[in-house]
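Next, two complexes with subunit A in common: one pairs it with subunit B, the other with subunit C.
For the complex of A and B:
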C-alpha cells in the first residue's frame, strides 16, 4: 500500500492499480470515459486529468491522465486544479453531440450526461456545424445512433478485444471516426448486448427495451438471477406498468462481473408473452374444455392430490418450489423431472464434486486460468458467459509477459502490443467447430466417445497412476502430449466439460484431468456445465434418491403433479404421451402454455423468476437468491406458494421453505446467509424496489380508478413494492439498481464496491454449497462404451438462441433463432446427392433443411436441440438414417443466416456452406 | 349635555358622509366582474389547465421523454413511449390525473420540446372525480400554444420521416466512412 495526498486529503492506495481506479475506490468523483474496470486503460478520452506535483515545493505540477498513471508513494496530486482542462476536453467532445437526449434511450442513465455535468460544461460556445453519421441496422438486439458518438473506443475494445467479435470496428479517421459493422447486418457476437452498457452514451442501445421503453428511474427492479442457463448470472430486471421491460447486468464479482450474454439479456420476453398462463383452469373429463377457477379453488384441488399423486420436479424451478412439491408428495414419490440420461450425468457431476480433490471454477477463476482444455462442450451455446471468460483466460500469457517487463497490469494497449497475439494455451476437443476456435491453440474434431478417450489419455499423461488409454492414433497422441505439457507448465490449469453431449465418460475424463492437476497449488480446477438454471439444486435436493423421470413413468402412478416442466422435452413424445394418457389426474404448474399443460386437467399459473422469489444453484454449486421484481395478477402465484401444504402454514413466507430445503442440502445452513433474514430492516425501513425518482404513482392506474389502491405488499418480507425504504447508498445489503448523486449511469456501481471493479460492499456473491473434499486422488476407469452406429452418428448441437425452452418463446430470441435442421459434412451432402435447396428426411421424423459444415466429421450428423421442427428426444437411436427428402420446400422458420458458426478456420457465418450474411 | 349633543351630531354627520360616499360610487368603475358572463383577463403565463401542443408542422410535440412525469412533485403524469415507423418518438398514452395536479408548472419547465404547456384556463371543476383523469385525446390541442416556432426534431440529430441525417439545423451532411480524406 502507498499513501498519496489528493487536494489535501490522504488516501491509502494500491500502487499496482492505476490512479483513477484508486481515486474512485476512495469514493472521489473523477470523470472518465474510456477506462473500464474490466478492460483496463488506454488513455484516449483525456477526461481523468489530474495534476501531479513533483515534491512539496512544487506549486505548478504537471498534468497527468489518472488512468495512465501508477500512484507514487507519498506523492501529492490534485483533482480540482485540472478542472478547467477537463471542462475544455468535454467541450470539444460535445461539439458534435446531437441535442437529442429526450429521444435517446440512454437519457437519464447516461455516463456522458453525468460527466458533462460533473465537468461543468453547460453552454455550447462552438458555433460551427455538427458532423453527422448514418446509422446501421445491427440486428434485433442493438440499436445504432452514430451521431451521439464521442469516440472513446470502448465499444471496439469491448467487442473486439474483450468479446472476440470480428464483424465490428472503427472506420474513417479524425473527427469522422465511425464505429459499426463493415456492412449492415446483425452483430455476430453472442455478447453484443453488453455494448449498450459499455457505451458511455446512446450510440448502442437496447433495441428490445426501446420497443417498450421506460426511463431507468421508472423501472421497478430487484436483485435477481438469470434463469436461462446453468451459470446463474446476476441480473437486474426492470418492470413498468406490469410488464418486464428489460434486463441489465447486476455485478457479482465471482460470477458474471460486468457482462451478460445476449440470451440472458434479451431472452426474458416470455414473461410478457401472450402464451402466458394467466388464469387457473380445470379441464372437464367429458369434452376437455377448460373452465376458469378461482385461485382458492385451484389450490384446494391441488392439495387434494396429496397422498395420491407423484410429484415431478424441475431443473428450471427454484429450490423452494421443488422442495414444496417434495414435501407435498413425500420423498419417495418425488421425481426429478429430467431424463434418465441427464439424471445420470447430473449425479455424476455431484459425485465428482463430492468425492474428487477438485474445485468447480467460478467465472472469475476461469478468467485467471492460464491453460485450458475444453472437452466436448460448446460453451458458447450452452453456458455462454463461460465462453467469454475463456476468452479472457488466454490473455494471461500477455499479462505474465507484462509482469516480467514490469508493465502495470492495467495497461491494456501496452499488454496487447507486448503479447503480439500470443495466447495462453486453450485446447478444444469436440464434435464440431466452436465459436472459440479462433483463440484455441489447437482444435481437434472427435466424437463424444473419442473426446472422452483423449481426456482419459491426458489425465494419464499428467499422472501415470491414472488409467491409460490404448489405441490412440498418432495425431491423438501428439495432441495428448501437447496438452499434457501445457497443463503441467501452467500455474492454473483448467478443464471444461459438461452435460450437453450426453456422454458420462466425458465428465469422468474431465474429473480425471482435474484430479491429475490437483496437488501442489490446491485442488484441480474444473468446470462442468449444468444444462439448466437449477439442475444442480434439484440434484442436491434428490438427496441420493434415484427417481428420474423414467422411474416416474414406470411407477404406475394414477395421478401426478408436474412442476414447471414440459415433459415432451425430456423423453420421446410417444413415451410421454403414453404416460400422460395413463394418468387419471394431472396437475401442471407452469408459466407458458405447452403440450404437457394441454394434457392436464388442472392447470395452475405459476410466476416466473421475475414475479417470484427463491433460490437457484448454479453449475459450481453456488446458491443464489433472487427477489421478485414485480407482483403479478392475483391469479398467478409462485409455484412454491401453490404447492406448500399446511405443514408450513397456509401462506408461508419464502424463507420458511428455504429453511426447509436447507435441511436436505449439503452445507444447507449457508442458504440463510443469502438473504439478510426475513425480519431485516434498516432503522425500521425495508429495501425499496422503486427508484426515489419513480414517477406517475398517482396516474398509473388512474384510468381504471382515480381512487388509488393500497401499495402492493410483499408477504415475503424484506423489499417493498414502492419507493419507500432505505436508499442503497445508506445500506446496500439488498442491492438492485446502482445510483449515486451525480452518477445516474450503471458506472455508479463503484460506489457500492469494496474496491472499484471488485466485490460489492454488502451484498456478497452467493454461497458455495459444495466444499472441496479432502480426498485422495482416485480415478474413474477409462471405460468408454462406443455406441454401435448404423447410419449417421448423431450428436446434439445447441443454439444459444432457440435451444432453451423459455427464452425460445421470447420475440427477440425468435428473431435470432432458426427452425430445426441437420448439420452435415460437405462430403456427406454430396454422398446423399443434396442440391442447395433440398431437405433431408430424418428417419421417420419428417424432413428438415440441412447445413453443410466443414468441421463436422464425415459420417456424423449434428442435430439441434429444442428448435422447432424436430424433437431431439424422438431420435432415440445413436445412429440416424438420412435420405434426401422428396418434394421439399424450406420451411419459413429456416433462417440459415442466423446460424453463426466458425468452421474451417473462418470466423464468419456460414449458411449452406457459403457465406450467409 | 352639550357634549352629548355634539356626539349625536357627529354620528349624524358621519352617516351623511357615508351615504355620500356610497352615492359617489354610482359614478365609479365597477370592481365586480359578472363572472361567468364576463370572463376575466388571464395572463398568458398563468398556470392553469395543462395541454399538449403541436409543432409548427402540426405533428405532436411530445416525444415521450418522461421528464415532465419525473419532475411532477405529485406524480400525476403517466405516459408510455412508442415510435412511428420512421423512428419518431411519441406517447402511446399520456395521462394526467388533474385531481392530484397542483398546477406548479414544473412539467412545463422540464419539457425539452415545449410540448406540455400550462394555459390560463382555470375552470376545471367536475362533479365526478374520475372525470379529472385526462388522456392524450383530451390534452392534445391542434396549435402550438405559447411557443410558435420551436420544432424539436428540426434541431435534434435524430433522423425521422421527412428529415434525414445531416438535415437538422447546424448539421453537416453525413460523413463518408469509406473516405480517409481530411
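For the complex of A and C:
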C-alpha cells in the first residue's frame, strides 16, 4: 500500500492499480469515459485529468491522466486544479452531441450526462455545424444512434478486444469517426447486449426495451438471478405497468461480473407472452374444454391430490417449489423431472463434486486460469457466460509477459501490443467447430466417446496412476502430449466439460484430469456445466433418491402433479403420451401453455422468476436468492405457495420453505445467509423495490379508478412493492439498481464496492453448498462404451437462441433463432445426393433442412435440441438413417442466416485451424 | 463474418493475378496479415482506381481478415478511395501557406472551369477535386497534385494549362 495526498486529503492506495481506480475506490468523484473496471485503461478520452506535483515545493505540478498513472507513494495530487482542463475536454467532446436527452433512452441513466454535469460544462459555446451520421440496423437486439457518439472507443474495446467480436469496428477518423459494421446486419457476438451498458451514452441501446420503454427511475426492480441456463448470472429486471420491461446486469464479481449473454438479457419476453397461463383451469377429460376456476378452488383441488399423486419436480423451478412438492407428495413419491440420461449425468456431477479433490471454478476463477482444455462442451451455446470468461483466460499470457516487462496490469493497449496475439493455451475437443475456435491453440474434432478417451489419456499423461488409454492414433497421442505439457506448465490449469453431449464418460474424464491437476496448489479446477438454472439444486434435493422420470412413469401412479415442466422435452413423445393418458388426475403448474398442460385436468398459473422469490443452485453448487420483481395478477402465484400444505401454514413465507429445503441440502444452513433475514427492517422500514424518484404512483391506475389503491404487500418480507423504505445501499444481498448522487448510470456501482471493480459491500456472491472433499486421488476407469451405430452417429447441437424452453418463446429470441435442421459434412451431403434446396428425412422424425458444416466428421450428424420441427427425444437410437426428402420445401422458420458458425458453406472460413480426424 | 450472412450484400470479386502477385510480395515484408491490409488496399487502388465493396471483401478474404477490420483501415486513410474517382485526382492544398497565397481563388477557378466542388467528379470522369492539408512544399505555394505529380507556384493560367493537358490526353 502507498499513501498519497489528493487536494490535502490523505488516501491509502494500491500502487499496482491505476490512480483513477484508486481515487474512485476512495469514494472521490473523478470523471471518466474510456476506462472500465473490466477492460483497463487506454487513456483516450482525457476526462480523468489530474495534477501531479513533483515534491512539496512544486506549486505548478504537471497534468496527468489518472487512468494512465500508477500512484506514487508519498506523492501529492490534485483533482480540483485540473477542473478547467476537464471542462474544456468535455466541451470539445460535446460539440457534435445532439443534446437530445429528453427523447434519448439513456437519459436519466447516462454516464455522459453525469460526467458533463460533473465536469462543469453547463453552457454550450460552439455554434458550428454538428457532424451527423447514418445509423445501421444492427439486428433485433441493439439500436444504433451514432449522432450521440463521443468517440470514447469503449464499444470497440468491449466488442472486439474483450468479447472477441469481429463484425464491428471503428471507421474513418477525427469528427467522422463511426462505430458500426461493414454493412447493416445483426451483430454476431452472443454478448452484443452489453454494448447498451458499456456505451456511456445512447449510441447503443436495448432495442427490445425500446419497444416498451420506461425511464430507469420508473422501473420497479429487485435483485434477481437469470433463469436461462445453469450459470445463474445476477440480473436486475425492471417492471412497469405489470409487464417486465428489461433486464440489466447486476454485479456479482464471482459470477457474471459486469456482463451478461444475449439470451439472458433479451430472453425474458415470455414473462409478458400472450401464451402465459394467467388463469387457473379444470378439464373434466383429457381432451375436454377447460373451465376457469378461482385460485381458492384451484388450491383446494391441488391439495386434494395429496396422498394420491406422485410429484414430478423441475430443474427450472426454485428449490422452494421443488421442496414444497416433495413435502406434499412425500419423499418416496417425488421424482426429478429430468430424462433418464440427464439424471445419470447430474448424479455423476454431484458424485464428482462430493468425492474428488476438485473445485468447481466460478466465472471469475475461469478468467484467471492460464491453460484450459474443453472436453466436448460447446459452452457458447450451453452456458454462454463461461465462453466469455474463457476468452479472458487466454489473455493471461499477455498479462504475464507484461509483468515481466514491469508493465502495469491495467495498461490494456500496451499489454495487447506486447502480446501480439500470443495467448495462453486453450484446447477444444468436440464433435464440431465452436465459436471459441479462434482463440484455441488447437481444435480437435472427435466424437463424444473419442473425446472422453482423449480426456482419460490426458489425465494419465499428467499422473501415471490414472488409468491409461491404449488405442490412441498418432495424432491423438501428440495432442495428448501437447495438452499435458501445457497443463503441467500452468499455474492454474482448468478442465471444462458438461452434460450437453449426454456422455457420462466425458464428465469422468474431466474429473480425472482435474484430479490429476490437484495437489500442492489446491484442488483441481473443473467446470461441469449443468443444463438448467436449478439442475444441481434439484439433484441435491433428491437427497440420494434415485427417483428419475422413468421411474415415475413405471410407478403405476394414477395421479400426478407436474411442476414447471414440459415432459415432452424429457422423453419420447409416445412414452410421455402413454404415461399421461394413463393418469386419472394430472395437475400442471407452469408459466406457459405447453403439451403437458394441454393433457392436464388441473392447470395452475405459476409465477415466473420475475414474479416470485426463491433460490436457484448453479453449476458450481452456488445457491443464490432471487427476489420477485413485481406482483402478478392474483390468479398467478408462486409454485411454492400453490403447493404448500397446512404443514407450513397455508400461505407460508418463502423463508420457511427455504429453511425446509435447507435441511436436505449439504451445508444447507448457508441458505439463511442469502438474505438479511425475513424480518429485516430498518426502523420498521423494508427495502423498496421502486426508486425514490418513481413517478406517477398516484396516477398509474387512474384510468381504472381515481382512488389510489393500497400498495401491494410482499408477505415474504425484506422488500416492499413501494418507493418507501430504506434503500439497501450497503447490504448487497438486497441491492438491485445502483444509484448515487451525481451518478445516475450503472457506473455508480463502484460506490457500493469494497474496491472499484471488485466485491460488493457485505458480499452478495451467493453461497457455495458443496465443500471440496479432503479426498485422495481416485480415478474413474477409462471405460468407454462405444455405441454400435447403424447409419449416421448423432450428436446433439445446442443453440443459445432457441434450445432453451422458456427463452425460446420470447419474440426477441425467436428473431435470432431458427427452426430445426441437421448438420452434415459436405461429403455426406454429396453422398446423400442433396441439392441446395433439398431437405432430409430423419428416421423416427420428420423432414428438415440441412446445413453443410466442414468441421463435422463424415458419418456423423449434428441434431439441434429444442428447435421446432424435430424432437430430439424421439431419436432414441445412437444411429440415424437419413434420406433425401421428397417434395421438399424449406419451412418458414428455417433461417440459416441466424446460425453463426465458422465452418458452414463451401468457402474456407478465415482464421480457424480446425483439424479433423 | 459467417458465410451465411446477408444474401443481398455485395460479394467479394476475384482478385486479378497482378493484384495477387503484388500482395504476395508485400506479405513477405510483414509478420501479420493485419499489417499487409493497408498495402493490399493501395495495390487494389493502383489497379482499379478505387476500392469498391467487392474489392474490399476480396482483400479481406485473401488476407483472412474480418471485412469490418479492413474497412476500419480503408476509411481511416483519406487517400484510400471508397468511392469512384476520376482519372485525374486533383489534390489542392488548402493549408496555411497556400491559403495566404490565394488557394481559395484557385479552388474557385477550378470549380468554375470544371463545374465540380470538393469531393465531386466531372461528368466525363476525368477529374476529381479533393482538398489536402499540406503537400510539404510551402516555399513554393500554392501547390497541388494531379495524380502523382506535384505542381508548384500555381496561377489560374498554369492550372488551365495542366487541365488542358489532361483533357488532351483524354
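Points to keep in mind about this one:
The rule we apply is simple: the second predicted complex is superposed on the first by the 893 of 917 C-alpha atoms of A that agree within 3 Å, B and C clash if a C-alpha of one lies under 4 Å from a C-alpha of the other, contacts with A are read in each partner's own complex, and residues count from 1 in each chain.
Criterion: a residue touches a chain if its C-beta (ideal position, glycine included) is under 8 Å from a C-beta of that chain, and two chains touch if they have at least 3 such contacts.
As the structure is a prediction and not an experimental result, all values here were calculated from the model.
Taking subunit B and subunit C in turn and counting the residues of subunit A each one touches, the greater count comes from B. Of the two partner chains placed around the shared chain by superposition, subunit C is the only one that A:185 touches, whereas subunit B remains out of contact.
Of the two partner chains placed by superposition, only subunit B is touched by A:130; subunit C is not. Contact with neither subunit B nor subunit C is seen for A:404 once the two complexes are overlaid on the shared chain.
Contacts of A:145 after superposition: subunit B is touched, whereas subunit C is not reached. With both structures placed on the common chain, the touch criterion links A:901 to subunit C but leaves subunit B unconnected.
When the two structures are aligned on the shared chain, A:172 is found in touch with subunit B and with subunit C. Comparing the two complexes, residues 171-173, 178 of subunit A contact subunit B in one case and subunit C in the other. The touching residues of subunit B, counted against subunit A in their complex, run 63, 65-67, 69-70, 72, 74-81, 83, 89, 95-97, 99-100, 112-113, 129-130, 132-133, 135, 152, 155-159, 165-166, 168, 170-180, 182. On the side of subunit A, the complex with subunit C involves touching residues 166-173, 178, 181-183, 185, 188, 420-421, 896-897, 899-902, 904-907, 909-911. The residues of subunit A lying in touch with subunit B in their complex are 98-104, 107-108, 127, 129-135, 145, 147-148, 171-174, 176, 178, 180, 210-215, 217-218, 241, 693-700, 702-703, 705-707. Taken in their complex, subunit C has these residues touching subunit A: 1-7, 9-10, 32, 53, 56, 61, 64-69, 71-72, 75-76.
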